[in-house]
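The structure under discussion appears below in the form of structure tokens.
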């Protein structure tokens, strides 16, 4: 079992590490801090965060409430601005990356516009950027097939279950073929069975589209199952305390969930979160 | 502008003063617009679609600006201090204040009646859904019926009772009509408020084997407060409106409604005079709504969690 | 902030959500009762009324039997229709212009803080004062032969609920939707068109529904305070004063019909618009 606790370890597989030239990095954060000014004083949400995500890499951000993982994601998405530090998406500043639509984002709430059909929701980013109608229709058909909702294109969000709505949200995030997917606990509001099913689908989609993914979660098994690397964060102030290589390979399937290697990695992440070794049942 | 270190209460007060300041600015803006239009507007107003040679045709969309139609703001104010009808009569503002108080008193009684009737209806409709289904549409329709129609009827019934041995002074008819407008917001607000508690709170009360009355007193009524307060305020404004209109249609002396009509009739010779009772009516509405808002102050705890 | 009194009040159509309201354990009533119950109550009211007038004979002269009123209404339909047209037109003009102005000002207030600060207290004050009280003044300003005074009063009456509701609707966009559009690099105008407007639409419809009856009542009541000698209100006043009770009530029926039509049309629009609301 390889546990990598050194903060200076970047990249995953040697191949990816070799290809990690600055502009091929999906995300490069250096010394990023975020301070919120509230009525009762300043709240430091993030402090001196350094992170690199290579192209095509799946990185999970995990940590307890208040550790800044969602804040970091919002900074990458240019939904908020960093107080200090530099943040580059594919070599560009976050603002330009957003304008160029280099990423797609999915939130914990599906956030579908209730007055638009499933198809219209999926094509929203395309509509905003002047894609022609024929092209939009074709792309929606592709996306619907990708997430398995071909028969529901003309339905309305209120006719869909939570899991299906979330799939529409993921399809929408992929509409403009981004090379980076940002996801903020997208399966948090779903039941466990749906969650596991969607996790399997997400790894398949990420592999098929070769997109980099930054995935915020507070579920340890989810983080381990999905990602190439797990970034462990802790609060007060929000910072990265550990980066753990998962190294379970590109292909993730249901059988993996029961394998000893999987449990080892889960333990590694758990220990990193607790900050100390964890006794397993049956051990003295 | 971060108010570091200021208590939340102080900040709330400051915000209140700032809001009042903006409001005063708004009123000032209206006054300035009035005088500005008087200055630059045509004496006979702006008429569109007028037909040549046909006097009185067309639609006037901006009023006439000469002093008989639009008195200056300062003339209106000065008139308030001049005698009501010449000679030894008290200044206009005194008469207006007196009439306004009379109307306010009647409106208050109308409000009380309306609140009681409305609250009773709300309670009953919440308790039995059949009654809600049966009564609510009619309650809504009742507000579409012009209450003008009822004024003579109520007056006539009142006279009947009066002659038949009971006492029914004329102002009571006005109060009843005022209550007709006031009961509606209270009925709806009460119904909504009593029906507003969460499922989990209701389940909790049920788990304590609490019956209808304890649940009503400890859960539904407190939950209804945020719905009732705006309703009571609206009921007060409606009661004032109902009182003024009823006074006019019954022809009751002493109230501000009649004064409005009287002075309006003399407007050609005394153009600034009708503005006196007009300001009085405006003040009346504001005072009525404001007094009811004071009730809300004591109930602050029940309003926690109220959306802004 | 703008006073939510007028909006908190007849908010969405008065179909109270019963889900959490009925006592746990209360049995569910059959759905058809929803229609039958009010009809039964209506029939009871009419019956009691007729009983009081025709059978007991103790009702005042000013209150004729419901059937006599209906008969008179049908008989006098031509003249009643004329006056109905006047009042209905005044109410409609007031509703349309008041709503348009309200949308304009609400849009401005949502965009500019200072304007909102000035408008909020003014609109709150307008909401509580008896607007019809300014009718005599308006008649002086615009001339006693003009319908403008009544139309202006109806306009103000319609303005207030539409303003309050539209302003609230423009501020109701959910943060997650705003984030979605920002993440898709939507321009300000695109966000307004694709998110803010559809979100505000149901609120606009609610405002129109409330404004419709208020405009009709205002147009009618304003007739009491002077102006030309036409319209339902003046007819009611005239005939009531001269003792022709049945005709006066026939006109009242005309007024009710106008109000009902306005209310039903705007209610229908509201129901259509709130089918897919974001709330």
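So that you can tell them apart, the chains are marked A, B and C in the order they are listed, and the count of residues begins at 1 in each.
To be clear about the criterion, contacts are C-beta pairs under 8 Å (C-beta built on N, C-alpha and C of every residue); 3 or more make two chains touch, one makes a residue touch a chain.
Remember, predicted model here, so these are calculated numbers, not experimental data.
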**Fill in**
Most contacts overall join chains B-C
**Message:** Report the chain ID whose CA centroid sits closest to the centroid of the full protein CA set.
**Reply:** C
**Request:** Could you please state the distance in Å, as a whole number, between where the Cα atoms of chain B are centred and where those of chain C are centred?
**Result:** 16
**Complete:** dist(centroid_CA(chain A), centroid_CA(chain B)) in Å evaluates to 56
**Item:** Centre distance in Å when chain A and chain C are each reduced to the mean of their C-alpha atoms
**Value:** 50
**Complete:** Residue numbers in chain C touching two or more further chains are none
**Fill in**
Shared-interface residues of chain B (touching two or more other chains) are none
**Asked** Where on chain A is chain C touching in the complex?
**Response** 77-79, 98-101, 103-105, 107, 109, 111, 113-115, 124-125, 127-129, 156, 158, 172
**Message:** Show me the residue ranges of chain B that touch chain C in the complex, using the header's touch definition.
**Reply:** 18-20, 22-23, 25-27, 29-30, 45, 56, 59-61, 63-64, 68-70, 126, 129-130, 132-138, 140-141, 143-146, 148-149, 151-153, 155-157, 159-160, 185, 188-189, 191-192, 194-199, 202-203, 206, 212, 215, 227, 230-231, 233-234, 236-237, 240-241, 244-245, 248-249, 257, 260-261, 263-264, 267-268, 271, 274-275, 277-278, 281-282, 284-286, 288-289, 308
**Item:** Residues of chain C touching chain A in the complex
**Value:** 174, 176-177, 179-186, 190, 194-195, 198, 276-278
**Prompt:** Where on chain C is chain B touching in the complex?
**Reply:** 1, 3-6, 8-11, 14, 16-26, 29, 33-34, 37-38, 40-42, 45, 60-63, 114, 117-122, 125, 127-134, 136-143, 145-146, 148, 213, 216-217, 220-221, 224-226, 232-233, 236-237, 240, 245, 248-249, 252, 255-256, 259-260, 263
